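First subunit A sits with subunit B, and in the next complex the same chain sits with subunit C.
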Partner chain A sequence: MFESFNLSLVDWSRVQFALTAMYHWLFVPLTLGLSVIIAIIETKYYKTGDETWKKLTKFWMKIFGVNFAIGVATGLILEFEFGTNWSNYSWFVGDIFGAPLAIEGIMAFFMETIFIAIMYFGWDKVSRRFHLLSTWLVALGANLSALWILVANAWMQNPVGMKFNPDTVRNEMINFWDVLFSPTAVGKFTHTVLSSFTLSAIFVVGVCAWYLIKNRHVTQSKRSMKIASIFGLISMILTIYTGDISARDVSKTQPMKFAAMEAHFHGSSSVPLKAVGIIGNVKESLKDKDKELNFYGIQLPGVLSYLTNYHFDSYVPGINDLLYGNNERGLLSVNEKIERGYLAKTNLLEYKKAVSNGDLDKIELLKADFENPAWINKYFNYFGYSSYYSENKIQQSKNAMKVVPPVSLTFYTFHIMVLLGMWFILLFILILILLKKKDNKQNESNTKEDSIQLRKYRWFLWAVLFTIPLSYIASESGWIVCEVGRQPWIIQDLMTTSQAVTHIETYPVMLTCCLFALIFTALLIADIKIIVKQIKIGMDDTPIDNKNNLKN
Partner chain B sequence: MFMKNIMKLYTDGFKNMPRWGRTVWIIIGIKLLIFFVVMKILFFPNILNKIPTDRQKADYVLEHICDENN
Partner chain C sequence: MFGSMSYIALQQYWWFIVSLLGALLVFLMFVQGGQTLIRTLAKTETEKSMLINSIGRKWKFTFTTLVTFGGAAFASFPLFYSTSFGGAYWVWMIILFSFVIQAVSYEYRTKTGNFLGQKTYEVMLFINGLIATIFIGTAVATFFTGSDFTISDINQSYWGNSFHGIEAAFNIKNLCLGITIFFLSRILAILYFINTINHDKILARTKKALIINGSIFLVFFLVFMAMLLFGPGFNVDALGSVSIEKYKYFYNFMAMPSITIFFLLGVVLVLYGIISSIIKLDTTSIWYSGIGTILVVLMLFLVAGYNNTPFYPSLSDPNSSLTIYNASSSKFTLIVMAYVSLLIPFVLAASFYTWKVINKKKITSEEIEKEETTY
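Moving on, here comes the complex of A and B:
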């Protein structure tokens, strides 16, 4: 599965970044989605004045608070790592990466911190309307925070709206709106946020399923489940829709990643979609370009072609077409891209030499290339490939193989994510059906509202509970597809991870990697322990007096 | 008056904070201490910050991204 993995400095740096990013992402999605679910529940309280809704709001706020507090600032480590381990990248990327992160810090962070105080401390101190507004603004702020970092990430996948400055060796933003509204950024933001909403909805229904198994807080659980299931179902359907948009964008901007997601080696028309199954030996297919990759499972004829180009018989390039080129389809080989990238690199080095020698004519001549869109498009856009150049062409052809990402890992994580997404839809639909069906043999001690068939299906409630970890697996798998699938690029076609890495000793990276693993594991254990404890304590069950609830 | 009300919101909030709230604040404190004091100082020196001028930084990065051993 890890076919191109050996633990050098760059790999340790990647492991370290992946570890911190994946731990960070264990906290974030619940914050994004639960904040919206809480706002919806509080809106119900605002509209009805029913104290049960208020108690529900407070209970989920408690869970949100623990997760938010333990997760907050874990992303800072990633920002530190950009400076330490990826300093070449940080310099090369210039203000394009910094600007969205700065906006995140100023706008969203302050929005969250101000209104989160009102959300927690403001009950009975501000009007119900203002409290509700604060809760919605916390949800908005949390999701806006995600917007900026996802925009920055999308730029790495599809660098747009910038111009390279050969004097500073930095990319400079020339159009903020191109960066913000690139199809990659829009697809990434919507898909990531909606999938986080789904994860949060699963978390809520999972916790409520446990209460129903234990026969506790039945009314509250039913209400929470109904809201979370509708919210989750809508989010999951939209997650699939935005995932489809994202995948189509990937097929255009990162075709190698797209081919790896489907383990599609030989370009052809009417390409089937590998729905469920396992793939054969990837290494052998990479060694021998004529060797087909075996697939043992269910395939849907023509569906990959349709999903890519809206035509069942359309052509989809495979890994080998992208690696060795395909003249008929106008696809450049990696070797050709290496030559072009090398020419761009040579130009840049010549330019820097001319600057230090004060050779004005040469400076003017070479700088004109970096201003010329046709030259940029033909040569500079392959700058990253220059790192695979070799005078020995046999060696260069071997180097070209490095642009293929780990196929098996990308393929399996992509399919795990998609299959789990299908299960989530089914789960929400089943919950909604069983919540609607009344149980005629209701226990007399139950209220009419509590007499739902869902309580009878204990095996299903357990399945709902155990879907919580599955939702995290789906979410993390999505990130693996995104980040492993784009290897070896840190900025698509412009910079490889090897070029981006800081040239430091390997052992401090190994040491900090282990240290982060310890700290993040401790934080995760604390998070789970406190949340589980609060769930076991449960919701406020004191009798409700709804008479004077609408006084504000 | 407005500022006074805001201060009161925070002070009352912290005073009446439940046990779980105090626990997470302790965790936040420890975490930030580790992140900003221990890690930032000991493990996160930015290598480019040691290079005095932007031109030298650009040259340093250029040398590394054009290194054929990458």
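Moving on, here comes the complex of A and C:
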């Protein structure tokens, strides 16, 4: 019961899921943000009737369409992969986890599909007002779909609103609003969506920077850049704000992940924040619980304590405190959690046995435990730890080490994400300043509107362009922090990834994983080539007659 | 509203919703059918583009319905989701692969710098049209013919062989339904082309195609129905034990006369649509045959799940068979989801409305040649 599967199957299943999820995430953030930017631009067109805005809308729509198609293609797999590769997971929590996925389909995907049809094929078939509404609804639909899948993801990190049912051997939903409005879900949704807005804004300013370097589409680029920079700056500031909220939530719900993010091994008061730098040998610090982890770089004294608890001298537990326990601070050791989880599992086995023997007294007695909040809190909440149980206590202590996620990867991706975020803020501010400043010396430009200082700083424009890949790195890094940092859990404390996989041979998963890698890579190359080509082709530059366009 | 419904009623309600999504999916697979007809109906590049653009405006609806079907099945019958998708791994993976390559093909086909070349994307569309229809048909047929799996006492599922679902394609009854769906989707595609395209040469070719595809469809459909009605089926008794019963599905039709009536009505509508367009090009045929298809498939799903019938029978261990009662979500989740399902009529209405708006103007060769948003 709830055995752990052979590692190669688990690893291949994880590789496949990571691969499909990361490929999917290459396309989603741009869809989320660009849809909003397009809607803003089209609103400008609706208000002014200026055909330049319409052409701009159509240009960005073209890129949106190419990116959207491949996002849809990669997303389909994820929807079904919970079943194909994580079958035991699907039963164990499907009663809660399935609902947001279904709602995503019924509510959000259909909204996108319906109004995207109008957005692309409805230009001369519906009124301008209805077209604009459709564009906004596509943006809303896209972001609603993000809402539901992120609610589902947040639930895995912080399972709430449910209760275990020993008869069906699964967790069942008891409060939908708890699932939807859990602080983890709210933090995750806002942080993810806002960071995606930022990425899209960077994409837009990057493309426009290239046009400015090439002296093309100057007016359109300037307009796009202004909208995108304001949008991006606001989004990025809010991304930091919600990131701060999310991190504090992680420190409460997933302290081990939090400690790994900061490579924080020894709990203490007044913990510094590792701002920039590299860490020493993690393995040695894990082996020897008293060995400090070296850090080479800049630390800000007391700041981690402050960010966690709003007190510069507050206590933040480290990886070793969580692993070996800390009586003083009331932290259980992993060994203790394993024993408790094992007891919960034994109870369940006994219950199942009693049911099949028809032993009514015993059934009633054991079932009472599963109804008792104190028992659930003390034992069942560590159910997943039972998979590390061993009669041989030395072995069990070794098993306990598996509860620590890959520290270096979590630490570096977290810091890369944060540092890049800082750069993005600076970038948007600089663009806005340089857009504002007129360059009187510049005579070559066609209109006065186009003579801006920004065009002079070609090195800066190149930097803007090369920030596009950086924004993707930041976004993917965020997901690595989130998903690698929570290992070994698929559902925090309740189920490990290795208990969750489908009972299947390894080779089919190996094969499909390689096929996905191949197809997705080919499609990614096609996607990038088409988008680059579309950008090179550029916008429609034919002269505009603005007199007649308010009519249709 | 839904809170006062009994658990059983909710389970039946959700089986109806999932069945409806399945039925809509089969109807919308006219997109897939159309993808296999490009070479038959088009002789020039412009004609080809007209066909691809007319179905290209609809592919997302099919795709979204598939995704929603998956999500709804997960939310309402998680044991089915975990058993079938994990167990019949290959079938579902093959279906999903075919949809992945479809999703990009419309958008990328004629774009410059598309890396794989126009031809490749057209082949991908054909592959999707062929594979998705046949395999989805075969997979649905296993609702009647059973699969090789067992469920443990803690509701974990185990597939009984290493073919992981491919074996279903070697069962005559399953294959019959697969082929039926393939030809049905082609018929619906032809009727859809008649409805949306204004081009004499293409329309002139539809008659012959309708006769050929229509007759093959009819043969396979009748053979499948005969095997279904007069073959064995699966029955659950009051104690929950599953056994094989002769003429089970025939009895189900008899026991649920309203289902039989709608089923027959559906068959008549499908045939009427086909015949009326063979006699004289009829732009409304797609609606007759389309609604007919939805009715027929919906009723078949209901026959598979209602009246003490396990909708996902197990061959290796009949008592592991899934019924809408033992595979469903908890009552609470079904109630929550039932409220969500109230959105479905709005979704359908909005879809229908946009369909009308987009198809208001017929597709002509002039439009395809000048339009900027073509595939």
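FYI, the second predicted complex is superposed on the first by the 541 of 552 C-alpha atoms of A that agree within 3 Å, B and C clash if a C-alpha of one lies under 4 Å from a C-alpha of the other, contacts with A are read in each partner's own complex, and residues count from 1 in each chain.
Criterion: a contact is a pair of C-beta atoms (placed from the backbone, for glycine too) under 8 Å apart; a residue touches a chain by one contact, two chains touch by 3 or more.
All values derive from a computational prediction rather than experimental measurement.
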item: Combined model on subunit A where subunit B meets subunit C, clash or fit; value: clash
item: Partner chain in contact with A:Ser285 - subunit B first, subunit C second, else both or neither; value: neither
item: Which partner reaches more residues of subunit A (counting touched residues only), subunit B or subunit C; value: C
item: Subunit B versus subunit C as contact partner of A:Thr496, first or second or both or neither; value: first
item: First, second, both or neither for A:Lys352, with subunit B first and subunit C second; value: both
item: First, second, both or neither for A:Ile70, with subunit B first and subunit C second; value: both
item: First (subunit B), second (subunit C), both or neither touched by A:Ile174; value: second
item: Partner chain in contact with A:Asn88 - subunit B first, subunit C second, else both or neither; value: both
item: Touched partner set for A:Thr253, first subunit B, second subunit C, both or neither; value: neither
item: Touching partner for A:Gly105 - first (subunit B), second (subunit C), both, neither; value: second
item: Subunit B versus subunit C as contact partner of A:Ser386, first or second or both or neither; value: first
item: Where subunit C runs into subunit B (options 2-10, 20-28, 146-154 or 254-262); value: 146-154
item: Residues of subunit A that lie at the interface with subunit B and also at the interface with subunit C; value: 65-66, 69-70, 72-74, 76-77, 80, 83-84, 87-88, 90-91, 117-118, 120-122, 125, 168-170, 352, 502-504, 508, 512, 515, 519, 523, 526, 530, 533-534
item: Subunit A-touching residues of subunit B, taken from the complex the two chains share; value: 9-10, 12-14, 20-21, 23-25, 27-28, 31-32, 34-35, 39-40, 43-49, 54, 57-59, 61-62, 64-68, 70
item: Residue ranges of subunit C touching subunit A (in the complex, touch as defined); value: 57, 60-61, 63-64, 66-72, 74-76, 78-79, 81-87, 89-90, 92-93, 96-97, 99-104, 106-108, 111-116, 153-159, 162, 164, 329-330, 332-333, 336-337, 340-341, 343-344, 347, 350-351, 354, 357-358, 360-361, 372-373
item: Residues of subunit A touching subunit B in the complex; value: 62, 65-66, 69-70, 72-74, 76-77, 80-81, 83-84, 87-88, 90-92, 117-118, 120-122, 125, 167-170, 345, 348-349, 352, 386-387, 389-390, 495-496, 498-500, 502-504, 508, 512, 515, 519, 523, 526, 530, 533-534
item: In the complex, subunit A residues that touch subunit C; value: 1-2, 58, 65-66, 68-70, 72-77, 79-80, 82-88, 90-91, 94-99, 101-107, 109-110, 112-118, 120-123, 125-126, 165, 168-170, 172-174, 176, 352, 356, 502-505, 508, 512, 515, 519, 522-523, 525-527, 529-530, 532-534, 537
